[in-house]
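Note that chain A is present in both complexes that follow, paired respectively with chain B and with chain C.
Entry: the complex of A and B
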């Protein structure tokens, strides 16, 4: 089987992320403050205050990719945390206590910011962290937005933006600079637009990248959106992908089938899954996870960033109703011309996995494509069954390949 | 033209040989720990019984969880596609199939050509599979064949609430000590398997005509409980256990003529 061509920007990503973690780990020496924040949390005000944002969830992904999740989850279970709990939460809590994991634990936080637009678990998880590190916690509460963003939600969330800024001023002991904020907001929007443009190159046939590539290059839009580093990085990545498109270079050497992915990646099996699909000449051209960090572009504007950000963060993919989720997937199936949908039923992530069978039914009926369900945990490799997953993928591909295209 | 289908399941290995569109022989043995050896053995034994030589077989397809260990097969195809093809071969009117084997249970929807249109499989758990029944039969000291028959005499099936095989086994043991009748406990076990399988099958909307395949189809109690639970008739053919191997042999015929 021909190997997928390597993306040149992979090295640059490694370099930036190494630098980022070194900066965060040495923050106490440089006098910078560190805030731990949830992946869907409003990070831009932190950047505007020159606080280094650190993401336990990005750390969780690294733990998963280094196949250290099972061990750390086991340690959390020994501390009394239930095995039914999110594996990011379990592995992160364990790694905080034992200072373990691929980078010996995260740098200690000066403050915590938890936004519940991705799940309810983060509130309890961050409360545990707040007690453990004895640092202030800000909870940014985004009401569920099933269909519309109501006036009362709008007032409620906007008020919290002001409270959030007041919290930062207290912890950082300095005034919030609204001009800097406006600039950070512009850079955040620009990086999100570039990230969307990168993902859109996958509309080409063959696609220059797969969702698996996206899961790697996603790191900066999560951790450093609002910085110039992210903007420059995605400009270069976009250029590389556009060059691939113009040369006709596909991420999967003989792309024949195009699939869409739903839910978080199975971090400890990225390579295995990517090879498995490539062996069937299938390219995962789109997914709901990578796009979660640019989907809010439709709501946010640089001229009133803070106000519109409130709406953007409230209407995150995991904070909307099942009908809207299905609409989003169906739009993507049509946009990227997907032949099938692969859903990861992720025991770790209830808000993402709940409703998948209903969504699958809607996708089948309205987009007319088959859906596959594979069960796992995003970080806890003890729950993955290779032969069962393999049989399902093989059968799914046999089914798709026997349908005329 | 002779073709062969080899289905290596977690408990049994099945071989089928077809000639001119007809099944001319089937063979079932225990898989044991070496899937590759089991495949070779079941194939050789069937050839010998039929007085055939391997050179007379134009194409062989392997299937089942051990499908990739069969080095003499021309191609490996998943059991999902093979059960769909096998059931369609047995009865072309069938549109839904429930296959319950040793470690998997699955439901399939096929079209008028026997092409699989959708499928769903059990998650990583032995509940609702043949292995679950095996464990229960052992706890009740009943032969697996009698197990299916006995439950048909039950008037008041026991309630087994645990989904987990291990916990259900201890539940069964406590029912025995409470003095519940063996046939009632067995009927309860069958209802529990049927509940699990029908929940799975309902996800993809199985409908009549529905056929049950796989080793567990030989258990009359499960089939009856499933029929009750789904509210539609469940067709069972004597060849249910080898349906996957038949499907493989049918595909081998197509594959062989395409080559």
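Entry: the complex of A and C
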């Protein structure tokens, strides 16, 4: 089997992330404040206040990718945390306590910001952190939009934007600069647009990238959106992908089948999965996870970033009803011309996984494509059954290849 | 028939009880969580019924919810899609844990009982904006009920419902006090049935039933003979719908003298003030009552409340009773356990699904724990 071509920007990503973590870990020397924030949380005001945002979830992903999740999760269990809890939370909590993991623990926070637009787990997780580090916690509450974004939610979230700013002013002991904020907002939108454009290159046949590549290059849109670094990075990445498209270079040599992925990645099995699908000439061209970070583009505007951000953050992918999630997937199936949907039934993430059976049914009925379900705990490798997953993927690919395209 | 048997019957056969009430022309609204504004449903002339897990095998719910979903959500859904809840005219889903959020979506798309509402409560109660939002959400829920039933829910009818609920809650508090002072007056199993009964039976007559029940209890009608010295314990968790649990515990030498359950004290704690805006009054009770782990008032509120309860009730230990796969409770366990340890209060944790662990195993765990006290 031909190897997938390497993305040149991989190196750049490594460099940026290393620099970012060094800056964060030396914050106490440079006098900068560090905030821990959830991946779907409103990070832009932090950037505007020159606070270094640190993402325990990104940390969780690193732990998973370096296959240290099983060990850390076990330690969390020894501390009394049930093995059924989200493995990001378990591994991060353990690594905080023992200062372990791939980078020896995250830099200590001066404040915590938990936004529940992805799950209720983050609130519980950040309460644990608030007790452990004894620092202030701001809960940015984004009422779930099962069917709509209601007027009363709108008012509530907007009020919280102001409370959030007041919270930052207190912790940072300085005034919030609205001009800087406007600039950060513009950059955040620009980075999200670029990220969307990068993902859109996967519409090409063959696709220049896979969702697995996306999981790697996603780090900056999660971690540094609102900075110029992210903007420049995605410009370059976009250029590389566009060049691939014009040369007809596919991420999967001999791309024959195009699939979609749902849910978080199985971090400790990324390479294995990507090889597995590539061996079947299948390319994962799109997914619901990478796109979650540009979904709010339809609601936010640079003219009134702070105000429109309330809506953008409240209507995140996981904060909507499963019927809207199914609509989103079906749109993507059509946009990226997918032949099948691979759903990761993720024991770690209940809000992402419960409802998948219903979503699969809707996708099958309305988009007419088959769905595969594979189960794991995304960073706890102890839970993964390789042989079972392999058999299921093989059977699924056989089914796809026997249906006419 | 004595009063107690009424409650026991309702608790054992909620469907029959609800169907009877429905025959009197009332709409039946099901709910799963103790943050359901029952008072508004009652003021609308409808009848709120709490839904519990199933004793049946999970067959149909498996097509909607994975095996790693808590047995409460799976059980209720199983009952709903298998036709066992056909007495319902509707259901309401307050915002609580992630599981219930998705259960609500699945319910909305797969069942057809008539009325359906999400009551997207705030996740925190410690800020003014959250409490204002809570009030508005309750107001919206009231309007939804009004539209569905084509009625107006007046402040008077709300006031009347508050009155009834306040009385019910006061009487349940009194019952718990009686039990705590004289544990032999009523068994844990029966007391649990009484509380469960109040989530199912017709509410208007409950104050009278409870009044008579208390008189009967005081007269010694249900006094137990096995009055051997028992260790006083507090039960903490989400729900306990296992009558055998209490019996087994008592056989093992323990007795529950108070709880931190949402099928127990968290459900009936606190009164609604009769002054000012009704929705504000309901939200004030939510903000002041002992918090559920899916909600936030402070980082240690639950631990502090539990320790206070242990001391107030003169208890010697805590049993954590968790539903497997219940995230909010599982997250709080390590810190609360640690807080208890600092106070030298022993605790054990027992995890259950729809069924209790095998009797022998549970009994051994109880006995070992109780011996240690």
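Simple rule for what comes next: the second predicted complex is superposed on the first by the 405 of 405 C-alpha atoms of A that agree within 3 Å, B and C clash if a C-alpha of one lies under 4 Å from a C-alpha of the other, contacts with A are read in each partner's own complex, and residues count from 1 in each chain.
Methods note: contacts are C-beta pairs under 8 Å (C-beta built on N, C-alpha and C of every residue); 3 or more make two chains touch, one makes a residue touch a chain.
Values in this document were obtained by computation on a predicted structure and should not be read as measured data.
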Chain B versus chain C as contact partner of A:358, first or second or both or neither: second
First, second, both or neither for A:386, with chain B first and chain C second: neither
Contacts of A:10 with chain B and chain C, given as first, second, both or neither: neither
A:323 touches, of chain B and chain C: first, second, both or neither? second
Partner touching more residues of chain A, whether chain B or chain C: C
First (chain B), second (chain C), both or neither touched by A:236: neither
Chain B versus chain C as contact partner of A:169, first or second or both or neither: neither
Chain B versus chain C as contact partner of A:85, first or second or both or neither: second
Set intersection of chain A contacts, chain C complex versus chain B complex: 345, 357, 375
Chain B-touching residues of chain A, taken from the complex the two chains share: 345, 357, 364, 370-371, 373, 375, 383, 385, 387-388, 391-392, 394-395, 398-399, 402-403
Chain C-touching residues of chain A, taken from the complex the two chains share: 79-82, 84-86, 89, 116, 119-121, 123-125, 127-128, 130-131, 137, 139, 141, 143-144, 146-147, 150, 152-153, 155-156, 159-160, 163, 321-323, 345, 347, 350-351, 353-358, 375
Contacting residues of chain B [partner chain A, same complex]: 65, 77-81, 104, 115-121, 123-124, 203
In the complex, chain C residues that touch chain A: 63-66, 68-69, 95, 97-99, 101-106, 108-110, 118, 120, 122-124, 127, 129-130, 132-133, 136-137, 140, 293-294, 296, 299-300, 324-325, 327-328, 330-335, 337, 351
